[in-house]
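First the structure, which I've put down as structure tokens, then a few questions once you've had a look.
First chain written, first letter: the chains are A, B, C and D, and each begins at residue 1.
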Amino acid sequence: MTASTLEFDGVSVAFGGVRALDDVSFSVGEREIVGLIGPNGAGKTTAFNCVSRFVRPQRGRLLAGGVDLTSVAPHEIAALGIARTFQGLELFKSMTVAETLLAGQHSRRRTMGALSSALRLPSVRRAEAVEIAHAREVADFFSIEQYWDRMATELPYGVQKRVDIARALVSAPRLLLLDEPAAGLNVEALAELATVIRTIRAEFNTAVLLVEHHVAMVMELCDRVCVLNFGRVIADGRPEEVQRDPAVIEAYLGTKVTDDA
Amino acid sequence: MHLDLQLITSGLAIGSVYGSIALGLVLIYRSTGILNFAQGEMATFSTYIGWSFVVSVGMPYWVGFLLAVLAAFLLGAVVERVAIRPVQNQPHLTVVIVTLGLFLLFNALSLKFWHSDVRPFRSPFPSGSVHVLGTYISWVSIGIFGVSLISMAFVGIVFRFTKVGLAMRAVTSNPMASALMGISNGRILSLGWGLSAAVGAIAGMLAANRLLLDPNMMQGVLLYAFAAAVIGGMTSPVGAVIGGLVMGVTNALVSSVSWIGSDLSLAATFIVLVLILLVRPQGLFGRQIEVRV
Amino acid sequence: MRSVLHGHPRLVGLVISALVTWLLNEVLFPTPLNGYLVVLFAYVGGVVVARLSRGDHRYAALGPLVPLVFLAQNSIGVTELTQILILAIAALGLDLITGWTGQLNLAQGIFIGLGAYVTAILASKHGWPILLTLPLAGLVAAAAGLLLGVLALRFDGVYLAVLTSAVALAGPVLLLHYKSITNGVNGIIVNQPQPPGAFADWLDTDQWGYYVTVVMAIIAVCISWNLLSGRIGRALRALRDSPIAAKGIGVDLTRYKVLAFAVGSFWAGLAGGLYAMTIGFVSADSFGLFYSIQFLTIIVVGGLSTISGAFVGAVVIYELSTNVQTIGFATTVNGVALSIPQAAVYAILLILVVIFAPKGIIGIFSDKSDWSRLTQRLRGGHNRSTDVVQAQADRPPIVRLDAPEDPHPAITSY
Amino acid sequence: MPRKQALICLVAVTAVALAGCSSKKAGSSSEDGVTSTTIHLGAVSPQSGASASFGDVTTGIKAYFDYTNAAGGINGRKIDFTVLDDAYDPSKTVPQTEKLVTQDKVFAITGNVGTKTSQAVYQRLNTEKVPSIMASGDPTMVSPILPYIFEGLAPLDADINEQIAYVKATYPGKKVGFLAENNDSATNELSLLTPAFGSLLVKQSTFLLTDPDLSSQIVALKNAGAQVIIFNGVPKYLALAVSEARGQNWQVPFISNNASVDSSFLSTAGAQADGVVTVTGFKTDPADPEVVKANDILKQYAPSITPGPLSQEGLAVGQIVVAALKAAGKDLTRSSFLSALNATNISSGVFIGQATMSPTKHNPYGCEQALQVKSGVLAPIGDVTCGS
């Protein structure tokens, strides 16, 4: 296994008296696709939100490229090469696809540059030109170029989803967090999604951590699967190992192991 | 010492006026989610209607009073129907601008129909003051305080125990679901505005004797009433009235501090307000809004 | 260049407004009505700028020139025009805070007052040349705006409205109190600057003030456009549209919100400096809460998050609030002439504009859906009850204002 | 793209140049505003907003002009009087006044209302050589004398000096409290009260027009041991102050500025108004033929307002203007009008004594009398004093 891109090290989170995460440890290696699954309320989303720093762990460390994420502000996560998508998409409703993809590259310029922006100095123009070119490449990859000047929120749901993923990828992250990417997709789109995610890894050289209800897809797609139940890691390993794990079967008992949620 | 007590009772007296206007604000905010800048001016307008019934037409006081409250109710419902509903689906700021427009409109109409003269309007309460603990409290103030408590109880009961109140809460928190449950959203929203205008009219009619009736009677009050509603947490009738009292007493007390004095009391009062909000951003009686990620 | 009257809804709009204006002017009112004409011109100017600036930022600099149409018509005086441009500069600043960043601000007026005092004090007490004081007026206001911005981080929605209105109320009172600096309630008289040498032959004081204001307005527009059309503008809209996703892409909400307050207040301060220079008299009680609220109505009526909207809004609101006369009907009832007072006309028109053009006057021209909504309503063709339900469900929270109407620049034209 | 940019430049330059051309000031000429049948006069006053009641002054002026027109006009001409609204905001007063001068081309400004709003325009009106009578009593605008600027209201300091004299004579050695709206006229008054009373002035308490009541101010004055209250403000707040004091069982005497003691104060304060003292330059006896005539004019030509000190002041301004226009003769020019204004000497009318102006005195008032409310009516007390 290569050096880890993201490492959970004994992370615990409690809301009031409820332990959402209890001593969770697992890691995502470089260019690895890892699935995070578990029954409802198992703590998947909380784990995800810990990485985005929307939730602060009470104990434990979260390492990304040697930096402890618990000590950085939420908006600094992107600059560390971690990008995420949202289950509710959270597209910017005042922006076109093009602007969304430019906004996605926000973290690539480190300074605010208020003064140089106000005067629109040549450096700003150059940076903008580079960003536009990059945005076009990414748009091309996701086949959303024909919507370039359309308002993102006015597009069909499937296209919006692609815009959401493109917005995350356009920042050239080392780790992409996908929050239930399969939600709301039909069967064909589902099949396509797995391919898309693999291609993303190949093309963009990024590791992927996805939270997903859709167990079958996770098993097919992921290099490694981490199963949470009641805030604890009950299994962590290759899909076929995990699938056979009695603890996992027990956790999913009463619900369908293979299909949706 | 007793003079400082006088300050507090004076503050309580004017604070109950703030509270009674704040009640109307809370009613609208809670039943329709709108911050109504026109609350005070609508109350003034309704008070003039009452004044016209009682003084110009010569009706008995309570008949004129009831007619004015009824007129205010209709006015509120009509305003909701004509001016607010068309912008219901616009962002809040747009709705706020409409209520500002209503503010200007009712002010202009009061000015047009009744001119800027200050007019005397008798109070239903006896004139004169009671002398307790070395302070003088006018019967009018006691009356306003009492009625604002009754209004508060009324609004609280409407919200908590009646079907209408339940429907109001349902409409604000989940309009789609409440429509599916067969609640007529439109009627409920009109009702909310109507009730709020009626509560405002009651406050205006009772306070007119103390504030003196002129077209700008409620402008100063409205500023404090906003603050009162916010301190009270925007949704709580009890909070509105207590917020009003807090604003009244704070204003009276800060103006007696020698280095603040009366010319800075307004500034000082609002600084106190901001400090309270810094400590409790949700107001004294508001619930902490859950932060959803 | 694209046709100004591109598309048939706009044509209908123009014809209707022309008819209405004619009707108001000829049939109902005996007196000539400059005010209504000017509003109509603003409307036409709005069309031109909205159409031109769609897709090309260079045209946005035409915003300040909208009011010029009226000057050419001789329906407006140079001092009036100067004041309209000053209002527009400050409104542009408020739009940055409220329209683009979604922070409701009821205190814009006090920052204008601050700038006005800086210019007045430096110019009349310390003898500075007025033009030198203008940037300083902006900077002092920006510093104060920065402080308010930091405070505003803690508040949201109604609470932010109350915080900023508290500032708007307390500000003038404090300015009046510190008499040794501000001259208290007596105010400060500023000697208006004469045009410098070369211009003195063909410009008088008012015209000089006007040209200075025009130049400042164009600078304000250009800088605002540069800021808003690029990375910073996208960050501000991102944090307004979806704070969560904005954090996700790396926007530092705190810094950008405060930046918006500081820059927005800078324009207010600059406007204040121009105010002192062109009015020649500064007194704190001119900058109260109602003065501030005026700027909210300007940006909403003109069109939120649009640069030209600030200018069109300034023309319309200024004209409505001063030059629209009492509507006196030709008819009388029992010998008493019926009339609607000017303030009521203003209020009614304000409400009508907001109801029928919720995205502002600029919005009418850059978004077809406004017109289709309007025509649909005129035909009576929509279901009320579901409308309200939808309305309630859709209503965004107060700080998340609507999608900006500004025609989004096609990236290709950068 | 360069073509587009060039186009923009062209449009912009044309527009700016256009603005320059069309606004090129012709300079107001001596004959502006006068035709063979009309004299065009104008004024800016608050018609809307919180200070709309000050607009009663221009309503009074207009009533007198209408009355004059109905009586045949002035040397064959009728007065055409335009009043524009500034909502008491100087940033609107300047453009509105300019509009009267440059677009409406009025002959003279007769009755711009208010001190801070007039402050913003009086110097430019003098520069533009437009004869202007400001409806303000602010002494700074007429000292030093500017040739084109006159004032139509009683000078504030004359009223105040009379009040001081009254208090010193009637309540010698008593402690004085000053209760006033936080505005320029109050600051002005304070600068006269402070040297006059010295340490006897124990407390100054101010209020804003946004204050809903005056309870804390009254308590503060009472705490400071004030035995006489000098008030400067508007009728509503005088009524609030009196009723608050009486409500606290405090029978302190009030001395008020004249504008506050109007019919609305008398009716709102009711019996509590009794004893309030004020000083005025106007006749008030309802039986006086001049007062009867004034009230008749207001009733007929300004039916929408209740006659009071403000409309009465307006009437007086109208009377001074009309007298000067008549005296200027058939060949009315600005210079003949100015000479006539400088020679103003009116002995009949609503003023007490004579209204006179001269090249060294641009405010017509001189005589004052103290009045006291007795059984709901203002009655003179003491003698008329004239001269400063």
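Throughout what follows, contacts are C-beta pairs under 8 Å (C-beta built on N, C-alpha and C of every residue); 3 or more make two chains touch, one makes a residue touch a chain.
Everything numeric in this text was worked out from a predicted model, so none of it was measured.
The count of contacting C-beta pairs peaks for the chain pair B-C. At the centre of the protein atoms shown, by the Cα-centroid criterion, sits C. Of all chains, the one whose mean C-alpha position sits at the greatest distance from that of chain B is A.
With each centre defined as the average position of its C-alpha atoms, the distance from chain A to chain C rounds to 41 Å. Chain B has its Cα centroid 49 Å from the Cα centroid of chain A. Chain centres here are Cα averages; for chain B and chain D they lie 35 Å apart.
The mean-CA centres of chain C and chain D are about 33 angstrom from one another, to the nearest whole unit.
Residue positions 48, 50, 182, 208, 210 of chain D are each in touch with at least two other chains.
Each of the following residues of chain A touches two or more other chains: 54.
Within chain C, contacts with two or more other chains are made by residues 169, 173, 176, 244, 341-343. Listed in rising order, the residues of chain B touching chain C in the complex are 29, 33, 35, 83, 85-94, 96-98, 100-105, 107-109, 111-112, 171-172, 175-176, 179, 184-186, 189, 223, 226-227, 230, 234, 263-264, 266-267, 270-271, 273-274, 277-278, 281, 283, 293.
Interface of chain A with chain C (complex): residues 52-54, 73-79, 83-84, 86, 90-96, 98-99, 102-104, 106-107, 109, 112-114, 117-120, 124-125, 127-129, 132, 135, 148-149, 151, 167-168, 171. By the touch criterion given at the top, residues 48, 50, 52-53, 56, 182, 205-213, 215-217, 219-220, 222-223, 235-236, 239-240, 247-249, 263-265, 267-268, 270, 304-306, 308 of chain D touch chain B in their complex.
On the chain C side of its complex with chain B, the touching residues are 98, 104, 151, 154-155, 157-159, 161-163, 165-167, 169-171, 173-174, 176-177, 244, 289, 293, 296-297, 300-301, 304, 340-344, 346-348, 350-351, 354-355, 358, 377, 384-398, 400-402.
Interface residues of chain D facing chain C in the complex, by the touch rule stated above, are 4-5, 7-8, 11-12, 15-16, 18-20, 22-25, 47-50, 84-87, 89-92, 94-96, 98-99, 102-103, 116, 119-120, 123-124, 182-184, 186-188, 208, 210.
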